[in-house]
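Heads up, the next two complexes both have subunit A, just with different partners, subunit B and then subunit C.
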Partner chain A sequence: MIVAERKPMEEIVEMLAPYKKVLVLGCGGCVAVCLTGGERQAEMLASQLRILARRQDRQASFTEDCITRQCEREFFDDLNENVEDFDAVLSLACGAGVQYMSEVFPSVPILPAMNTTFLGSNVAPGKWDEYCRGCGDCVLAWTGGICPITKCSKSLINGTCGGTNNGKCEVNDEMDCGWLLIYKRLKELGRLDEYRKLRPARDHRKDRGGGVRRLILSEMTEEEEEAAQ
Partner chain B sequence: MSEAVSKFQRNLDAGKFVITAEIGPPKGTNIAPVIEGARKHLKSGKVSAVNVTDIQTAVMRAGSMVGAKLLLDAGIEPVLQMVTRDRNRLALQSDLLSAYILGIRNVLALTGDHVTMGDHPQAMPVYDLDSVLLLQAMTNLEAGTDMGVDLKGNPNRLDGSPTFFKGACVTPCTEEVEPQIIKLEKKVEAGAQFIQTQAVYEPAAFEKFMKRIEHIDVPVLVGIVMLKTAGMAKYMNRSVPGVVVPDDIIQRLADTPKEDRQKVSIDICGELISAMKDCCRGAHLMTLGWDHCVAGIIEAAGL
Partner chain C sequence: MQDRDLTTKELAGLESTTELMEQTWAPCRYACPVHADVRGYVELISQGRWREAIDLIRDRLPFASVCGRICHHPCETNCRRGDVDEPVAIREVKRFVSELQGAAGATVFKAASQDKAQVAIVGSGPAGMSAALELARLGYRPTVFEKFPVAGGIPATAIPRYRLPREVLQQDVDWICAHGVTVRTSVEIGRDKTIADLKADGFEAVLIAAGLADSRMLDIKGADHDRVYPAVKFLTSLAFDEPVEIGQAVLIIGGGDVAMDAARTALRMGARSVVAMCLENEEEMPALKWEQQEALEEGVSFIHRRGPVEIVVEGGAIKSVKARKVLRVFDEEKRFNPTYDDSDTIDVECDTVIMAIGQKADYGFAESGDLRFDERGRLVFNQATHQTSESGVFACGEIITPPGSVVEACASGRRAALAVDMHLSNREIVIDDALPPEIDEIPADIADKVPQVARCVVKAQPPDRRIKNFDEIDYNLSADEAMRESRRCLLCGGGAEVLVDKCVACLTCLRICPFDVPRVTDVARIESQLCQACGMCIGECPNNAIVARGWDVGDLAARTKATLAALQADKKIIAFVCGHHASQSAWSAKPGDTIDGLGEVYLPSMSRLSAAEILHVFESGAAGVLVIACEDGTDRYPKTTQRIARRVAQAQEMLAEIGVSADLLKLVNCANQGRDTLRRALAEGAEAIRAC
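Presenting the complex of A and B:
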C-alpha cells in the first residue's frame, strides 16, 4: 500500500492561512490503513485546527468529511459536503488523491496534509517499512524476493558494495544491507547462481527517466471505443 | 596477455612487487601543494602509480581527473579513481573518453561511499551504474562501442577508442566474504585487470582471503591505510565497514609518545606489507596526506 505521513502542523497552518472555510477530507484507502489519513485522522486534524484558530483568534471554519478513495471519480458522489462551497480542501489522501481531486474540482484549491512517502507494509504495530519503489521493471524473480532497488540504499543490481558492515548498511546502523539479505536468501534457496549472473544496466525509461508513466489495458480501451461508436 | 598500456601494468606483468600510493584533491582550488608533495615524495622508481581519489567519502572537493592530469604533467603515472555515485552513464563514459584523451590509462572503478556519509547529505545519489557495470562500460569503449544503441538496435560506434588498465576494489576482511568474492568475480568478468583492496590489518585473514580467490587470475595489491593515532584506529574499527584494526596495533600506537608516533606508524605499515607480500602482487599505500612517509614504509617493508 501507499504509506504517507502527516505534514507538521506549522506547515499545514501556513498553507491554510489565506482560507476561511476549509474542508478537511480524509481518504479511506491506503492512508486510512496506515492510520494517518483516514476518517478518524481527518476528524482529529479538523478539531486541532479549530482549537488552534480559536486560540489565535482567527476567523476560520474547518469541516471534516471522508470518502472511500480520492483517486477514483465515482467515490466523490459519496461526499456529504459540496466541495465548491469551500475556500479550500485540505486533503489527507496521498499525492495521487490530491492531484486527482484537483482535476475533478478545478475551481477549488486542494492542499496536501500529507507527505506521501513509500510503497510498504505494516511490519509491526505502528511500524511501516518500505518494500517497493515502483521502478517499472521488477527484479524480484532473481533476487530471492527481496528488492535491491528498494532495500539497497544505492539501488545496486550486481551485488553488495564495500559499505556492508556486520549485516548493516553504511548509511545507517539500523538499516540492513539489502544485498546481504538477498545473498542469504538466495543461498537458502540454493540459487546463488542468480547472484553470480552479471546484470545489465537498467532502463530508466521504465522508472522516472521517461516522463509520466501510464497503464493502458487495450482490451478495455478498445471495448470502450466500440461502445461509443 | 594484452599489451601493457601503462608502467603500472608493465610492472605487474613483469612480476614485480608493485607499490601504488594515493593523493586526494583539495576542497578548494589550492591543488599545487598536493601535486608538489607527490612530486617530492612519490616520484620514485619504487612507486609505480599514484591513485587520485574521486570525491572521497562524498565530501565535495576538486575532481580526480584534474588531479590525474596534473600528476601526468609532473611525470607521475596516475590511477584515476571513478565512483558511480555522482554521474550517470552518459557522464561516466564521456569522462572515460576525456581521461584517455588527456593521457590517463589506469582507471579504478568504485561504487563510492553513499552521499549521506559526506558533507552534502541532501544530494541525489545517482548510481545509474554500479562498479561492475562501469568496468563493463570501459571494456565496451575499448571495443569501440558505448552503452547506447542506434535506431537499428546496434551499439553506437566510437570515432577512436581508448585502452585502459582497469581496476576494481574488494574488502577482504569483511565478516561475510562470499558475497564480496562473487561480486569480485563479476568485476573480473566485466574486465577488471587489477585489484586494490580496502585497508587490511590482519595478515592471517588476508592470507585466508587470498586462498579463497586463488581461482581469480588478477593481480591483487593489498590496501594499507596508515594509522596516525590510536584514536584513528578506533575510529576505523567503529566506522569503516570491513576494516578491523587488531587491539595490539591500537595498544602500540597508544603506548608510543607523540614524537615517535610517525615512526611507529611507518613501522606498522612496513610490517604489514612484509607479512603479506608473499601472498599478493603489491601494496596500495593510503597515507592520508603523509606522502613523506611512503619512502620510509617501503624501506620498513624491506622492499
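Presenting the complex of A and C:
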C-alpha cells in the first residue's frame, strides 16, 4: 500500500497562509491504513490548526471531513461539505488523491498535507518499510522476492556493484546491500541459476522515463461502449 | 451468535448507541423475571450515580429494597463474571443503593393525570402492589385491599425480620403508594366485602393477587395437636407479635425456604434443639443453598430422606414423630412422586412440630362470586390474559403461577396490569412476551485475560450471636465497597461496534486489544459476546469506525466541554481522572473540594481517553490538561497504563508542533493511591500548569 507521512507543521502552516476557510479532508484509503491520514487524523489536524489560529489571533476556520477514497470520482458524492464553499482543501490523501481531487474541483486549491513516500508493508505494529518503487517491470521472480530497484541504492539489475562493505551499501552504510540479500535468498531457494543469468538493460519507458503511465482495462471502459453504439 | 452489521446510515438513525444494547441482553437482564437493566444500574452504581441507579432499578422493580435483601438473584447465578472469578454481588449493591436512597430518594414517576377507571386489587403482596403501581402509572385509580393490618403480603407477614426488617419493606410500599396507589388494610375480600360489592362500588376491574396465604398440612395421626403449627401461620403470628408457644425440641417438616425460616425462627425463640426433616437429600432440597448454609451455621440439624407418618402424642404432649424412609423423591419424568420404604421407620423426639411442606391458596375472596374452579379446586384462569372465568376479574401472582419469589410476583403483577389496561381500553389482550436473545457465554481464553478481582465480602454476624435476636444478620456494603464491587461488572454486550462501511481493516484494533477479541476478515469483526468494553480500540481507530454500545462515544467530549464552560478562571484546566478507584465521588469533585479553575472529568478507565479528545480540550479553550491514570497493574483493563502514556506523548508532540508547551499536558499515575494523593496531585498539577 501507499505510505504517506504528514508534512512538517511549518510547511502546512505556510501553504495555508493565504486561506481563511479550509476543508481538512481525510481519506479512508491507504493513508488511513497506515494511520496517518484517516478521519481521526483529519480531526486531530483540524484541531491543531484551530488551536494554532487562536494562538496567532488569526481568523481562520477549519472543517474536517473524510471520504472512502480521494482517487475515485464517485466517492466525492459522499462529502458532507460542499468543496466550492471553501477557500482551499487541505487533503490528507496521497499524491494521487490530491491531484485527482484537483481535477475534479479545478476552482479550489487542493493542498497536500502529506508527503507521499513509498509503496510498502506494515512489517510490525507502527512500522512500515519501503518495498516497491513502482518501476513497472517487476523482476521479483528472478531475485527471490527481493526488489533490486528498491533495495539497491543504485537500482542495479545484474548483481552487486562491488561496493558492498560487510554486507552494507557503500551509498548508505545503514542499508543492507540489496544484491547480497538477493544472493542469500536465491541460495536458500536453490535458485542461484537465476543469479547467473544476464538481464538486459531495463526499458525505462515502463518506469518514469516514459512519462505519465496509464492502465486501461478495455472490458471496463465506457468510451469504447459509447463509440460502439 | 452473529451480530448484525452496523453502518453509518443506521447509526445516524439511532438516538443513542445504547439502543444497540437491545439487540442482545446480558444474562443478568435476561434471567431477571422483571428484566431490569441490571448492567445499566450496576454501571451507575460503579460511578456513584445513586439516584439514577435507583430510578433505573425501580423502573422495572417496585420492590427494590425487599429484593436487595431476599431476592434469589437469578441475575447473579447467570452473571458472566462467574466465568472469570465470582459473580458480581448484584443483590448486595442493589441493597446498598435502594436503602441509601430510601423511598424519598427515588423519583416518583407519577402519571400526568389519574382519571381512568378505578381498579380493585385483592392482596397487597408484591404481585398486587406491582400491578397497582403499573396501573397508577397508566393513569388508573388502583385501590389495594389487604386483609392484614400491614401492607406487603408475605414479605410483611411471613418473612422473618432478621432477613427482612420491616423498615426496608416500608420503603418499597411507601414509594409505590406515592404514585397514587391507595391501600386499605384490614379489609378482607370475601368477608368484609365481596367481589360483587367491589363492582357495585364502581371498580371496573378486579385483580386477584391473594397469593398462597395458607400452609398445606399433612393428614396424619396427631396432626391436630395444639403444638402442630402450619409454618405460615407460625411465622405470621410472630410477625404480628402474637404469642406462640413452642417447646424445647422443635421439628420442622419440610425442605424449602419457609421451612428454613421457621427453623431459624424457632432457634431465635430459644428452642434448644431444632431439626428440619425433609423428603429430599441435600442436593434436592428446594431451599436456596445459602439459606441452608445459614441454617446449618446457626445450629439447625437436618434429617434427609424421611417422610412423617405419625405424630406420636403421649399424655397430651407430643413425644415424637414417626418417619419412614424415602427411597426416591422424583420419578423418571422428574415429577414429584416420592416412594417409601414403610418397613424402615425412625422416631424423632420432639415436642413441637411445624409443617412447612408447601403453601396453598385461601379462596375466601371467591365467596359468593362467579369465579370457577377446576376439578382440583384451583382457580380457573387464562395464562396469556390473566382473565378468570368472571368478566372483569383478573388474577396474578402465586395464586395462579407456581410458588415463586418476590421478583417473579412483581413480573406477574405488572403483566396482569397491562392485561387489565388492554381490557379497560377495549382492546384485545395481547401481551408480547418476546425477549431479545441472550448474549453467549464468555469463552475461557477471554475470561483468562480478565484481571481477577475478589468479590466483596458481606460482613455477617457470627451465628451464635445471630440467633439471640431477630436483628438483621448481615451488614450493608459501604459506598466504597459497593462501587468497587460494581466495577467487577464486565458490561456484557456494551462494548465495541464496528461501522462496517468505515472500517479500513488496518488491524489496529486487533493489535491493541488486551483481550485478543477482534478478527479482521473483510473488515474488523468484534463480537459483542467477547468484547470487554474497555474502549481501547475506539480510542485508536484511524477512521472513527468504532462506536460503543454501552455508552455514547461523544458523551465524554460533551461532558468535558460543559465542565470547561462552567469554570470561572483565566486559565481553565481540565483533569481527566480514572474513576476505577474513585471512592464516593459522584464523578466530579465534591463542593468544598473544588480547585479553582479546575474541572474534573471522571472516566471508568483511561482506556477510553483518546489523543484526539485531549487535543479537543485545548481547542475548547483549556489552558492545560491533567491526565490522572492508575499505576500499572491497577487499571480496570490490562495495558491501559501503557496505552494512555503513549496517547499523552502523542498529544504532547502534536501540541509542541503548534507551539504549545508539553508541560501544559501532564500525566500522573496515582489514581489508585487514595483520595488524598489524588487531591494533592490535582492541586499540584494545576499550579504547575498555571506557572507555565
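As a convention for this text, the second predicted complex is superposed on the first by the 222 of 229 C-alpha atoms of A that agree within 3 Å, B and C clash if a C-alpha of one lies under 4 Å from a C-alpha of the other, contacts with A are read in each partner's own complex, and residues count from 1 in each chain.
The rule is simple: a residue touches a chain if its C-beta (ideal position, glycine included) is under 8 Å from a C-beta of that chain, and two chains touch if they have at least 3 such contacts.
Note that the structure is predicted; figures quoted are calculated from it, not measured.
Participant: Following the overlay on subunit A, give me a clash-or-fit verdict for subunit B and subunit C.
Facilitator: In the superposition, subunit B and subunit C stay clear of each other.
Participant: Per the contact definition in the header, classify A:Gln70: touching subunit B only (first), subunit C only (second), both, or neither.
Facilitator: So A:Gln70 meets neither subunit B nor subunit C here.
Participant: Is A:Ser47 contacted by the first partner subunit B, the second partner subunit C, both or neither?
Facilitator: second
Participant: First (subunit B), second (subunit C), both or neither: which does A:Leu156 touch?
Facilitator: first
Participant: Let me test your reading of the model: by the given contact rule, A:Ser91 touches which partner, first (subunit B), second (subunit C), both or neither?
Facilitator: Neither partner.
Participant: Quick check for you: in the superposed arrangement, does A:Ala32 touch first (subunit B), second (subunit C), both or neither?
Facilitator: Second partner only.
Participant: Which partner chains sit in contact with A:Thr143 here, subunit B, subunit C, both or neither? Use first/second/both/neither.
Facilitator: After superposition on chain A, A:Thr143 lies in contact with neither partner.
Participant: Quick one: name whichever of subunit B and subunit C touches more residues of subunit A.
Facilitator: Partner touching more subunit A residues in the overlay: B.
Participant: Once both structures are overlaid on their shared chain, how near does any Cα of subunit B get to a Cα of subunit C? Whole angstrom is fine.
Facilitator: The answer is 27 Å, the least C-alpha separation in the overlay.
Participant: What part of subunit B is in contact with subunit A in the complex they form?
Facilitator: On the subunit B side, the touching residues are 85, 89, 111, 113-114, 116-117, 125, 127-133, 136, 147, 169-171, 174-176, 178-180, 182-183, 185-186, 189-190, 198, 241-242.
Participant: Can you name the residues of subunit C that touch subunit A in the complex?
Facilitator: Contacts found on subunit C: 502, 504-508, 511, 541-545, 610-612, 615-616, 618-619, 654-655, 657-660.
Participant: Looking at the complex, which residues from subunit A come into contact with subunit B?
Facilitator: 153-167, 169-172, 179-180, 183, 192, 195-196, 198, 200-202, 204
Participant: Write out the stretch or stretches of subunit A touching subunit C in their complex.
Facilitator: 9, 26, 28-29, 32-35, 38-41, 43-44, 47-52, 55, 66, 122, 125
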